[in-house]
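You will see two complexes here that share chain A, one where it goes with chain B and one where it goes with chain C.
The block that comes next holds the complex of A and B.
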């Protein structure tokens, strides 16, 4: 990419593509109104010809990306003091809506309304916005901005309002704005209507003007006018949106107690049946977490409990998802009786956690603590005759994967690999996790001499495994199938 | 100048120069030395239009990113804020201006809105008491930014959400404006086709805008023959699938931003002897990816499985070229060899980079999880087991894979089944909420509203009909020497591109039934041309179609369109425009609810 000038010339001439020449350019641009200017500025193209060569090396500051001076300049702007911020805030509060400094020019609504003097014409609206005598397809291009200047101030907003005293006029204005499709203009009209019409009338009229209605909703969301938004949804009987919009606000509440109280107000809102249950659970979960957190923080700082000493908590449990909370509880509170809020069994019951989910989480937590007895107990069931049996709702192949992830010793792994029902899966897992005995025994049971031979080449020379394989291979009891 | 923009059938440098000229004009209006304060999001897109040297020529001495409290000290006459019209940015700008007012000499403040002035924002500045401080308040209509010789993007991240969730038409209005600008530069587009609600609206806006400017006739000979406007929600499926082209995979794995990608530096460490391997670079390697790079232009759109062989062939050619030096005997021969060196070295550098990138990608694509995910995706897209709970998805949730990944594949299943059975949907929802947090109810609701994850209504799965009629699933796909667009997803032919292909030949009349199944109206409009501008096509000359994706397009779809452009008997070449370059992950992310 760093071609020298000479190369570049050659490249252009030899390229099979049409080279970019200024003559072509001139032809096309001359069609535009300001061909003269264009031609003049073509000289500039030649001058800044080089700048693309800098592509990779130079950042926006003109300095190498990542250089020290670049980063200093970048961070310099953080230095403003809090005090100043505070002042600023106060100042803003005073100035907003009350005393407006005189702007040099106002980009006021009047510019839109002016068009109303020529009724029924659409053109008038756009005239008001660009106010240029000549029209072209793309007024922005090439024309000096000064031409449109600022939307002139010949009618003040209050004048305009006087002229638009009738509600009918106001709505006609809205309709014209909507048919222009310019969201900016629609929003402007809506701001105006919001100020001058009563809520009831505004809502009623917007109900039959869906496009404008959607813009109002978007606008209210943007400026964060939650109250009016909720009123609007209530009026429109859009109950689910009403509920979700209200619920959404909890994301902005940091304090756990306040968040909990807020979530309480969400229960009973008109969510869909499924979601209602989830919202209830959300509240209950946070309520639990607050209790658990207070309790455990105390235990941890007291330093008397072994589990917290050995495995200090990495983060607070507040606002964590349910499954994470269950993991936490299986990790720190596994043996607690069902009556306590922090016990896994209690969580399982309260939130109706499916057996699969529960076993997976408990397994991961206990394996992490290398509590193999607990792992064993998870999968042991007694039938009515008192016989014990191993059973895993998630399938033993998953158990093996999780155990391996938590670096369980081979003896443990082996036990569970053996419980995998599907022979191919079993053999694969055993090979993958180097459970030699399982591989050898399985091959023997399958009478698969070839596979066993192949495995022999993978084990260490002179190891116990090799010996065992040799013993099996030389056994005369087995009738190999291959 | 950006040479690669002029390689294509339509010279997009004309557009780039037009927007550069507008920028220069604005800068010159603020006489004297200047500092620019950037809305950080805009620096990427602006980088495609102009480099710092251009700004420097117009007396821009300092540049800062927009941040709270006060501005860094700068001894300049003008301070120009360049920002998107967003309320939260207005608050920061006001804070900057107010704290500046209280210190030192008076400055001239200006504000440049990109791409459009907003009454709402100016009202906010007024409420904060600073509107009057700005001498120039203008807009810079950077609607469509040229990314490559055949690619334009508005880089409007919220466009899909605004259009399909909030039904806010602002970005459609900008799209229409951008199309008017294009027509001013490249002539009126005689035929407009479209499919979808938003497409219909953009076409309406264009027709209206044209009527408003009846004063002047556009006298430019038309470069584009057709415009095809496509709603993203006509084809929700394609972005959800994992892209399998080279460029698509780079984007999936590392994310391409404004044609730049950041890569882990380890693979790019300079191999110098004597360093002892220490001093590995720690900062991400940043590379620009566009067709200005010969090798990249050749491999970007290939299926990843076909990239390796090209790279190794290139390696042989380059080492052979370097070997030539031994044959150079005479002074003349040596001189010629030396003159080729810079080009050869650039080629070698480029080859080294792409070999490293291909290695990085290969590490991912050969992983077990990637294979499993792809298998499930392909099953869904070919219509297998879309109506029951999928065990791979269950596993992903149980192992707490990233939520976006889970949502993406659940959505894929839903789209391939025209919605999930209520029982299946409820199951997934509960698993997701319990594992990732209840607050994601809000995101799930958004996905449902956008039609990505919903219950099946009407009890009929229409996807099989669409799949069969449009031949979306091809069993015999040739990744090395493709004969069909389905190579970009190793079997799945992107629906959107199939629609474009069928429009050009034999026409949409042949697929009326499917068009009725897909959402939104389909239509055709003509913009009459004066007789002098009517084109008489030479025999064998291809038509040029501008295809505009409203709501985003993926690199794999772009690759498929480029494949069609290059077909010898294709008859149509495509220039692609979009509101945003997306992939499944960035798309889903744009629909997720975050705190205010």
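The block that comes next holds the complex of A and C.
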């Protein structure tokens, strides 16, 4: 692989084989072959009337290739019409590649080109190299008939390598791999190209070969070659993917301080406007959590603060989602002034938490602590005349459900069930959570005698509820509707 | 209940051959190793073994190679020499070899391949057990498993004769079919002259129909999978099911006589069936009263064992049902199903969006919220930008900012997208669609192709009549169409496509549907004109799901088979459900 240009020349001149040549020989035969090849492979490269020179456009020597036609090739290969090439390939099963010596520790090229093993045969690499005939992809470059005699059956590995040094051949190898649809082979060729081509050339060639490009990206992700991956995205000008790929790294950083510092480096990256805000928030959140965590750990271990003594923390708040952090803050730091980082109001302001979300979370936290007074305050608003009014942005039916989940006593539940506006919902909830007074009062208001009778059968015999129902039922004040 | 097949339905092929084949291969491989004494699970800790040789049986994944390399290198550091052998299943990838080489252990390990790709989970279900297929292909665009699919098809055709009729839809289906054809040609002669046993093969990409896979399952087998996670055809029933203090691993397949009768039933029928069964069982036990000695001897020796077995199974499935009921009631399943049906039918979109929002705000399971968002997105051709932004923000706040990466994945896979604002969309679309019809489709960048790939669910649903018009109640006890697997609300799109193509024996007349599915170039038919196929084999159909299939789809097609006198055989890269799909897209490290 390290041969110099001179070596190469020497090879071509001295080789006793009539080696396959591309365009650097111009005897008649080769011209004939050239045009025949061009004609035969036209279908592969373009689907209209481009002339033979097209083959030059795909040449390696740094000229930009005709990108559209190349990409067409990649996708068009799905739509059939390579029957001819397949026939050729079948005629061209080389078994001579199996004569290779076993590679010691260098990556074996031959293994790249070894064919797929059949089901039921167990070729290990060494098997393939010693005695079992294995199929090789290397010669299956999709060449037209005329050239096959150029391949001789006793090529040495170095011949293969030399051939592959020619860029056009390398890319043809890639084309062929892609047209086979076998991702394993595509990746193998890419590994080879990655080793033998400069980054820029590799990237440029892949830009017009989307299938191969996706394989390279996935491969780099899998082996964790973050640097090359970032270079690739930079080259392709896929700024958002570049930013996300960089950001993704934070998942591998355990230490909170280091993670925070890393997130800081993400802030200026070219995310979408919307995502930029999320990244900023992520950084700010972790920054806050680190402060809160240090503070609370200290408070907890000092043992002076009642709330931590009564309800020891179950886990660290680090790396928790914002809503969890808000819950935590509503649980441990509810009454703190807005100025402190750990206060719920501060979190709400900093992260622009919607009122609904805030109320929901605060309600859950305060209910868990059975701080009914706080719950009450959460829904009490004063109008400009100083009258108080109950209002819940999440709807009182939800409030009731959350309170019930936190096993609130019936008196509390009752109060909120009563605030549910829709009568049917109210009645359902009251029945479900056994708020007898609400059920009885509602039935009375609805003048629904039947429903009240039905409910009577559900309450305990001789209970206060039953008495109350009986009193209502026997009241002469009510004009029942049924 | 558990309707029988038509008397002329074809017999299923014998899959035990596959098991035997795989087993023999593995034994052969291991015997070369001499005396494998203990199996360890490959996880991130070294096995405590003093053995002179270690043998790894792994999937060809780079992280597995790193694990092995660490182990070998640790041994080297400790001055310990062992023999190492890596058996790749189903095949070795070159990338793995490269890692071994880079880690400097290429010369220390020897490699082998165990070409095992078809695990018969049941009499009609073959799984490749490649859950990673979905992410590798549909998210990353890596085609490494296509060869595995082609090899599997090749193996099947070698064992069960050539496939006279092939249909398929989707890019992966098309590539797999082509590669498989190539394999057949390379080895022609092997299947020539054989009578085909399997008359039709249908290949289908998962991304042709995401909707079905995203729905909550309500047939028993699907519900068991959604609730307890079926793994490799078996399930771990915890103490809450077994009503003892132990968990129990139970194989779920046709061998389980009780399960076999309820697996395809809508859940609402299962309770009634089980209690009927329990009564029958009691009656059979009761028969022993009034038996004389001889009869009793007969009863004990012949029937008792079967009855006891049935008793055990019955109590297990009753336990499972109770547990499912408990869980579903707790999570307000009724409301959830209502929302899903509304999304499928396309009404009350605002209410559904609010419902999803509330799910997120209350930190109900992250996967569940994600699933509903995806369902909303696909049925509505993407979320309107305002909703997208607000739901995403709330999602990140509720479940963690790192899910930014998950959203990016979902967008790339086309599962959760944002509608482009009105005008620009139409202008762009016409441009893009021009490009798409052009063969240069591959040139379009990701951003464009996600636009071009509108899901068009509503239009498809109308064309294929996926939402049955029902007058009155849909009788789930006597299903009239495949919609019963979703309570009569929706016919699974994937199954409907298969039904339509089989009816026509081609894609003829389905052009519009195919176009709406963005598969204009990707729907194919491949028929060989040989009349050797018996009429029986022509009613045996192999359906290949690339990217996974759900138990609901399997049930729906089993139903179709009973109606039409077909038998379906399923080959899937893995059995999947909505949770697995969403987990595959999540980008959060455990």
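The criterion applied here is as follows: the second predicted complex is superposed on the first by the 322 of 482 C-alpha atoms of A that agree within 3 Å, B and C clash if a C-alpha of one lies under 4 Å from a C-alpha of the other, contacts with A are read in each partner's own complex, and residues count from 1 in each chain.
Here is the rule we use: a residue touches a chain if its C-beta (ideal position, glycine included) is under 8 Å from a C-beta of that chain, and two chains touch if they have at least 3 such contacts.
In this text, all values refer to a predicted model and were calculated from it rather than measured experimentally.
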| item | value |
| --- | --- |
| Chain C versus chain B, contacts on chain A by residue | B |
| Which of chain B and chain C A:250 touches, first, second, both or neither | both |
| Partner chain(s) touched by A:323 [first = chain B, second = chain C, both, neither] | both |
| First (chain B), second (chain C), both or neither touched by A:384 | neither |
| Chain A residues contacted in one complex by chain B, in the other by chain C | 47, 74, 76, 78-80, 104, 106-107, 122-123, 126, 135, 180-185, 187-188, 191, 210-211, 214-215, 217-219, 221-223, 244, 247-248, 250-252, 274-275, 278-279, 281-282, 285, 319-323, 351, 353, 357, 360, 398 |
| Complex contact set, residues of chain A against chain C | 47, 67-68, 71-72, 74-76, 78-80, 86, 90, 104-107, 111-112, 116-126, 135, 180-188, 191, 208, 210-211, 214-215, 217-219, 221-223, 240, 244, 247-248, 250-252, 274-275, 278-279, 281-282, 285, 319-324, 351, 353-354, 356-357, 360, 398 |
| In the complex, chain C residues that touch chain A | 21, 25, 28-29, 61-63, 91-95, 97-99, 101, 104, 106-107, 110-115, 117, 136, 140-147, 151, 154-155, 158, 171, 174-176, 178-179, 182, 185-187, 358, 361-363, 389, 392-394, 396-402, 404-405, 408, 439-443, 521-522, 587-589 |
| Touch list for chain A against partner chain B, complex | 1-4, 6-7, 17-20, 24-25, 28-29, 31-32, 37-38, 41, 44-45, 47-52, 54-56, 58-62, 65-66, 73-74, 76-81, 84-85, 88, 91-92, 95-97, 99-104, 106-107, 109, 122-123, 126, 134-142, 144-146, 150, 179-185, 187-188, 191, 210-211, 214-215, 217-219, 221-224, 244, 247-248, 250-252, 274-275, 278-279, 281-282, 285, 319-323, 351, 353, 357, 360, 398 |
| Touching residues (chain side chain B, partner chain A) in the complex | 1-3, 6-7, 11, 13-14, 17-18, 21-22, 24-26, 29, 38, 43, 47, 50-54, 56-57, 62-65, 67-73, 87, 94-95, 98-99, 116-120, 122-123, 126-129, 131-132, 134-139, 141, 162, 166-170, 172-173, 176, 180-181, 183-185, 201, 204-205, 208, 210, 212-216, 218-220, 283, 286-288, 292-293, 339, 342-343, 346, 350, 395, 398, 400, 426, 429-431, 433-439, 441-442, 445, 593-596 |
